[in-house]
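Next come two complexes built around subunit A: one with subunit B, the other with subunit C.
So, the complex of A and B:
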């Protein structure tokens, strides 16, 4: 699924969140980077149809997100994991997933049960099927939220900082899962974890103060660094911050 | 008129000419030899100067200044590539009427399981005790008790139905086929509908007791305050928190008591409050507007209290 944004703007009361975003996502895994308050979450909310864009057009899968019909159509095509996974703490993981499958339009209990089982297998959640969501660790909740987004096999997956609370093992598995999904799913991944970007993302967009400061590959982003290799320093350089000196590479006195 | 000042003489004697002077100054110039001499002198001086120094040709901004600014200008941004939208919009799964009806039933049934069992127990127990009391003590007027129990249970039900822990407005749910508004509405209809149906049943029982008040009058006594109370409670809970919802519900109940029981609603206050809490048409209209306001809040993704 392609996403095309041109001069997309959005304002909250008195605050400009997006000041004219131009973006083109062809498919695969697209990493969305940027400092806090850059407008990443707002852009994700526009892509998922939660908010109506100003300016534009913003086309998601060919649907105009400026129209009610476009937003409604995209809601049937998207799996969304916001920062708060939105699980009901008093329900078990399986019941939460069953509920998500129901809200995604599956009225048949048996089919929902099967789907829930599939995504739990995929995300190592089967052992926690009967655990209440409120009793899960933060990382467990994040995986359950991801399972909720994946249920129904949406062709577009929008993930807002999905790995921030994962341990290294689950982060590694998550990356493998994303690479696997990217074969037939477009993934938009907002993250601060540059390691994820380097390993998973086909293309990267860097948002700064509501505009796109850079789009390209992770390697191209790294080339913006003084040494032309370090992704973190390239990120800082593009945002106009002096890269911090590398403590480990400081010469011995 | 006084003689021309220096500025007027200069204007008259240079490019602008005598025509540039005001009419009064021109008339003075025609009659005053002194001023005429001053203007002629200025004309001669200007003429000599023009011969010595022809008028400079002032170049335009574009030819003189702009070339020097060009290196300082920001480079023109490259034209953005033309958007390449999907050639054909990706088709969204269609929902047939039959599937939609099945889905609506499933979503409503799910709300039965999402509402805490303690609410069902409280509602059933409250009306059961009331029915028992009406049957055992038929001589006492049933109206205040039916009204109190119904309004109280409706207020509690309104808060529980919109409880943040079971909030259907979480951000993730806004990106799903069944919108939070539909889930919220299904839950509200289920919970409030159950309370009102039980209240009607108890009212029918009270009406059937010998000497009891007629059934329509009994229903008319509790329905307006119940609807208004429920609407205000739900609005407060959705808008801010269960505590605010309870306060608004309590205020509504107090208003109903002031109108019906205490007879303290007098003057202008009484003229406004009495029809609102006593008249079914007025209370249904206002309650519908308040429910609509709550529904609008439910559609806002950023307003989740969960």
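So, the complex of A and C:
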């Protein structure tokens, strides 16, 4: 699924969150990087149809997100994991997934049950199926939230900081899952974890103060570093925190 | 559910052919009920009728009226009176807790492909079902008590005394749901407290219809044969007039319909 943004803007009351974003996602796994307050979460909310974009057009799978019809059409295609997974603490993991599958339009208890079982198995949640979401660890809640995003088999997965609370083992499994999903699902994820970006993302966008400072591959991002190889230094260089060897670093057309 | 095949075109097809991400009213009602029936609203619906009947029964037994041989009649009047007074607070509790329960999940809920107004109305319908169950439980418990006293001829009073105030409560429920959505939990609780006061102060006055929160208690007044303060009405008192019952129930249903229509439009247009 393609995502195209041209001069997309958004303001929250007195604060400019996005000041003209140009972005192209052509499928695969797209990583969104940037410091806190750069506009990553806002951009993800625009892509999921939670917010209406201002400024230029934002097209997701050919649908214009500036229209109600476009946003509603895209919401049918999206699995979303927000920063807070949005689980109901008093419901078990299985009930939360059942609830999500119901809202995704599956009226059959048997197929919902089967689907929930598959997703829980994939995310190592089967042992916690009957655990109330409020009793899960932070990492467990994040995995349950990801399960909720996957339950509808969406062609577009939007993940906001999906690995922030995962331990190394589950982070490794998550990367493998993403690589598996990326064969037929477009994934857009925001993250601070550069290691995730290096290992999983086909392409990366770097947001800074509401605009795109860079798009390209992780390798191209690393070339912005003084040694031309370090991803973290390349990231810092593009944000203006360190000298860059190549002053021609700029967003791709 | 099937996966989309690889190499799809720019304009993606729906994720699950034939199972669109636009659940029916029945589904939305079902999901709201699923969330509400495990938690405070469920337990409140079960325990409130019992909590009304048992302590009031104990108090009644030691009252002068009970000593004079009117234990059952007094018990019934007191239970119905408290039922009418507490219904506005029940509306506030149902609405406040139900909205608060969605606080963490609201962003996620709004990413599903149906209107936010449908969620609001689905929530109202689910709370209606829970509160109706509570009313029916009150009927059952009072009927058992009445049977124990050999007073089955009071069954029509019991049924009407529980269900008609419930019908008059629906307008308050819609009001509290809107207040909870717009202003939050605290404002909703204040509304509930105000509702109890208005019920006690206005239910037997000519202007009772002005304040929706007083309507449940107004239904109780002629059915239980008491003033809003709980003092039994003399025979032939104008407040025994039963014509207020269809008016109160009708006003409540009309108010609920209007508020839900307004509320649905409001939440549909509101951005996060």
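Couple of notes before you dig in:
To be clear about the criterion, the second predicted complex is superposed on the first by the 242 of 253 C-alpha atoms of A that agree within 3 Å, B and C clash if a C-alpha of one lies under 4 Å from a C-alpha of the other, contacts with A are read in each partner's own complex, and residues count from 1 in each chain.
Simple rule for what comes next: a residue touches a chain if its C-beta (ideal position, glycine included) is under 8 Å from a C-beta of that chain, and two chains touch if they have at least 3 such contacts.
The shown structure was predicted, so the numbers you read here are calculated from the model rather than taken from an experiment.
Judged by the touch definition given at the top, the superposed model places A:172 against neither subunit B nor subunit C. Once the two complexes are laid over each other on the shared chain, residue contacts for A:115 go to subunit C alone; subunit B is not touched. Once chain A of one complex is fitted onto chain A of the other, the partner contacts of A:153 are limited to subunit C, with no touch recorded for subunit B.
Once the two complexes are overlaid on the shared chain, A:6 sits against subunit B while remaining clear of subunit C. Using the contact criterion defined above for the overlaid structures, shared-chain residue A:24 touches subunit B, although it does not reach subunit C. In the superposition on chain A, A:52 makes contact with subunit C only, not with subunit B.
Of the two partner chains placed around the shared chain by superposition, subunit B and subunit C are both touched by A:61. Touch criterion met: A:184 reaches subunit C, while subunit B stays clear of it.
Subunit A uses residues 1-2, 45, 48-51, 61-63, 72-73, 75-78, 80, 82, 84-86, 88-90, 99, 102-105, 107, 148, 155 to touch subunit B in one structure and subunit C in the other.
Subunit C contributes residues 1-6, 8, 10-12, 14-16, 19-23, 27-28, 30-31, 34-35, 38-39, 101, 104-114, 271-272 to its touches with subunit A in the complex. Chain contact summary for the complex, subunit B toward subunit A: residues 80-81, 83-90, 92-93, 95, 99, 102-103, 105-107, 110, 114, 165-166, 170-179, 183, 301, 306. Taken in their complex, subunit A has these residues touching subunit C: 1-2, 45, 48-52, 61-63, 72-73, 75-78, 80, 82, 84-91, 95, 98-99, 102-107, 111, 115, 148, 152-156, 183-185. The touching residues of subunit A, counted against subunit B in their complex, run 1-2, 4, 6, 22, 24, 45, 48-51, 57, 59, 61-63, 72-82, 84-86, 88-90, 99-100, 102-105, 107, 109, 145, 148-149, 155, 158.
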